[in-house]
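In this document, chain identifiers A, B, C and D correspond to the written order of the chains, with residue numbering beginning at 1 in each.
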Amino acid sequence: MAECRYNGTELMICLAARAMVDRTTAFIGTGVPMLAASLAQRMHAPSLMPVFEFGGTGAILEKLPLAVGDMRTYNKGLYASGICDIMEAAQRGFIEYGFLGGAQIDPFGNLNTTVIGNHDKPKVRLPGSGGGNDVGSTCWRTIMIMRQTNRSFVPKVDFVTTPGFLTGPGSREKAGLPAGTGPYRVVTNLATLDFEPESKRMRVLALNPQATLDEVKAATGFELIIPPQIGRNEEPTDEELRILREEVDKEKLYI
Amino acid sequence: MSEKHVRILDEGIAPLIQPFDLDEFRAHNRAKEKALVDKRMSESEAISKFVTEGCYVGIELYGTVRCPMSLTRELIRKGYKKLRGVGQGVFEADLLAAANCMKELDWTYIGLEVYGVSSSLRRGVESGYIERVVEWSNAAIAWRFKAAAMGVPFVPARTMLGTDTFKYSSAKAIECPFTGKPVALIPALVLDVGIIHVHRADKHGNCQIDGITGFAAEMAAASKNVIISAEEIVDTDEIRKAPDQTVIPYYLVDAVIHAPFGSHPGEMGGLYERDEEHIKNYFDNSSDPTKTKDYLDKWIYGVGSHEEYLRLVGTDRLESLRIKER
Amino acid sequence: MAECRYNGTELMICLAARAMVDRTTAFIGTGVPMLAASLAQRMHAPSLMPVFEFGGTGAILEKLPLAVGDMRTYNKGLYASGICDIMEAAQRGFIEYGFLGGAQIDPFGNLNTTVIGNHDKPKVRLPGSGGGNDVGSTCWRTIMIMRQTNRSFVPKVDFVTTPGFLTGPGSREKAGLPAGTGPYRVVTNLATLDFEPESKRMRVLALNPQATLDEVKAATGFELIIPPQIGRNEEPTDEELRILREEVDKEKLYI
Amino acid sequence: MSEKHVRILDEGIAPLIQPFDLDEFRAHNRAKEKALVDKRMSESEAISKFVTEGCYVGIELYGTVRCPMSLTRELIRKGYKKLRGVGQGVFEADLLAAANCMKELDWTYIGLEVYGVSSSLRRGVESGYIERVVEWSNAAIAWRFKAAAMGVPFVPARTMLGTDTFKYSSAKAIECPFTGKPVALIPALVLDVGIIHVHRADKHGNCQIDGITGFAAEMAAASKNVIISAEEIVDTDEIRKAPDQTVIPYYLVDAVIHAPFGSHPGEMGGLYERDEEHIKNYFDNSSDPTKTKDYLDKWIYGVGSHEEYLRLVGTDRLESLRIKER
């Protein structure tokens, strides 16, 4: 790449941040989602409300949490409850954005964080669902953040840990998942992807600065929907980078 | 997919007087304001804004304990005649019945505790003015709120089973798919409006309650709109100092009313005792419809606001109820 | 009656109190149960733990509550929660004694507190179940306290608000109610009654001081089981009466 | 009685690794001590008394936050090899796996958050030492506790549906008898032993927690026996001053251990920060089984008690972690 004003993680944080709308709620996991929400709060979404699965709502994120249950998740917060309360609020429809990552993703946005290989005799045992399945089931819009390679973007995940659009249109509702929910964006080091409304298959929405469509295709193990018009993501602005480095992660925990 | 089944063993005969649609409830909750905005308003504004004729309302806790009486009186003053709602009350339910505000009730207990049966409700039901009464137990009603608060269509229970309380409810009993034994399923109750009185709230609706919390958290989460009255309005910084004291978070709340002595003539734990003389006087007269009307005329229709009501009660009387020490 | 050392209410309170065992929990309603539990605490059951349905556990009952949710129910208590928590503890088996009253009771201990006459066009509308059905369903032993007349002790109640033994042996379990629960005693102004283990029908256990079996029979609208041996309840002792009047209800709210 | 049915739409293939019997749980709860008795004992006494080989244990919250580490270390020292339990952990779960204590797991997330995958658990599962893993989501595990805490066989949910997480669980999906739509049923989980660390407890087991409560209340109520460790033992009068601060009531609790810095190397909200250097050192070495064993030898097997562990950590280090101001 031409210059190193920012690294790939910083870019993904900025792109994820831009996907969030003000005056909504965001279910925050450790790491990139945290930074993205915090950046969004300081940019265009001052009233974005952070929610953490072990009970913290409305914290002032002076220091970035190291764990989804640590004391920073309810620092000067509005409400410190517990996991049932938060998960039930999500199930009731109160949480707009959820963030997810995974070892594998398929064209319908289904995620695998459980095993590579066979469940009962796995090649690699991964951490498991955690809150992932709940976030993917109950939040209105899930934003996936992943490095894009043809080993992780696969035609069929080894294990559907967290529901994307499952087997296609209507299948979430048929399974009993709440109406109108599902994958919203996939933010990668190469592009932002969304899901074509009819087929619910992954589609290229915008390429990252310097990335080419061929690079994106090569890093995907299945056929992406390529619309006639593909956008181009703006580079992180100086202001975004300054806030990210000096305010959001001033302890340099993540970036 | 298996072709297995579980048997429905029994079904209450009453229809749901407030049918629920969880996806519609989710869409409603999604649209609610998530930013911290000032929700303070008067009783009159809040009732006018959120309570429409025929809607389904719930009033939290018993009518002599931490009960939103200033909002109950405003409901009556507004002249609703066909409200539907949940009856787990004492004084406030009796007043609503006395003023002929209610047409349909999910009922668990409506009585006057030490003072016995509620005369106004008896008259309402026996005369047929109250057109439908669906029976529940106290736990079942609380679990109906809890189911809605969880965002699920029902919760299982081991009460109600085998009784006429079950028969005249809208519950069902199934063979448990895990144990094979019978279990009751208590359906969710999504209220149009929940009305709750608390010790403290900030202007955004973050609420604190001292002592027992009754079913405040569950009902707030089960309601499409929540009206809070509070003895005290505190700064949000006070909330942020102890977020573990928040019982109802701001995002559930639509209106915040500052109502000191808002539970009068009932009590407010730690702040003031109940006004026994006022309550006893009401109850002594409540078997007589004319005297009941006189009470309504004097204490509700005859005053325009909670402030006027408090003036009518009198500062000396109110001060005498205040708890001096803990 | 020969002398007026005590009234009928005081007698029932003492009899109900004596039925409770130390180091157990009691689900307390307003009125007589409150006084009985408080008296038991001061006599033979200092570790009887009071529980109130709106959330109070372990209160020190310096003043008798006027309502099951008032501030006296958690005065210097150990735990102030809410109705779901308490009802769930009862459903989990934590509450030994429940107290119930009613307008009607039948031979199986089923209670009516809902309507006299037809449900939809009642002759008399009563307060309803309240916590009664829950107490009668989930507590291990329910103690009914009622004035005994042949209008209230009836062959068939107009409405089964709260389950006794329903239609007889095995019917509670068949309905799905927890095993091993059910009516334990009926304390009246005339006698203490229990339920014959085989038939689950009401049986005379002991006559009150001065009461005769004929009086009890005359005040019952169905046939009672009369065992070969019938006990005689002891009169309230001076100590019981002193504690009841001077300590338990020193504000003279109930007696 | 109707002859109606509802369809079972789907069933997870895993058996319940901890089958439940609610009536037996009720009988157990009935027999528990209800008087206020002194339950203080050491970690060693508590683990010996309540944890038997093969039993099902749960450890509350994440392993770096308010986690009963002194009790976890004692579990390992005692040498159990066949425990079954619930995996919703970080550091404590990794240690238990490193010491080969666990044979069967209800699993939701076992990883090291910012540090990634848990090496010891990976080895345990991939080698087959851990013989059975049943999958759940975080919410599902919490609701399994909640179902047991409610005394009912399941709670409904709208998560897990349609996924392999569901398929490899013991959940079921039915057609809701109220709405006709599919809903998941999450079965109750009654634990043999629940282990929870709190800020404050009295000697009878009444517990207070500052800040978020995770799933402490639900797990305590779902456990047949509860072992509490507490940063501070307070007088019961302190509990009685604020009964609304009690998160776990005494009657659920069987053992109370005084364990200052009991969450070390994890954090304790408001009291001390986590020991990042200690944790990072462990994680950096955890991919190497030999180095992991060295860690266990030094910090667990090499000390006889929590007091000795704290001496090994050192007073200066501990004091440096303490939060000075709020």
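The rule we apply is simple: a residue touches a chain if its C-beta (ideal position, glycine included) is under 8 Å from a C-beta of that chain, and two chains touch if they have at least 3 such contacts.
Keep in mind that this is a model prediction, so the values were computed, not measured.
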item: Reference subunit D; chain at largest CA-centroid distance; value: C
item: Distance from subunit C to subunit B - Cα centre to Cα centre, in angstrom; value: 28
item: Length of the line joining the C-alpha centres of subunit C and subunit D, rounded to whole Å; value: 39
item: Interchain centroid distance [CA atoms averaged], subunit A/subunit C, Å; value: 57
item: Touching two or more other chains - residue numbers and ranges from subunit A; value: 56, 74, 80-81, 91, 138, 178
item: Residues of subunit B whose C-beta touches two or more other chains; value: 9, 22, 150-152, 157-158, 181, 183, 211-213, 243-244
item: Graph class of chain-chain contacts, one of line, ring, star, complete, other; value: other
item: Partner subunit D, residues of subunit C touching it in the complex; value: 22-25, 47, 49, 56-58, 60, 74, 76-81, 88-89, 91-94, 96, 138, 140, 178-180
item: Subunit B partner contacts - residues on subunit C that touch it in the complex; value: 30-31, 52-56, 66-71, 73-74, 80-84, 87, 90-91, 110, 114, 119, 121-134, 137-138, 159-163, 166, 171-172, 174-178, 253-254
item: Contact set on subunit D toward subunit C in their complex; value: 22-23, 25-30, 32-36, 148-152, 204, 206, 221, 236, 239-241, 243-244, 246, 249-251
item: In the complex, subunit D residues that touch subunit B; value: 1-11, 16, 22, 147, 150-158, 172, 174, 176-179, 181, 183, 185, 187-188, 209-213, 243-244
item: Subunit D to subunit A touching residues, read off their complex; value: 9, 61-62, 64-66, 87-88, 90, 107-111, 113-114, 117-118, 121-122, 125-126, 128, 133, 135-140, 142-143, 146, 157-165, 168, 173, 181-184, 211-218, 267, 269-270, 274, 276
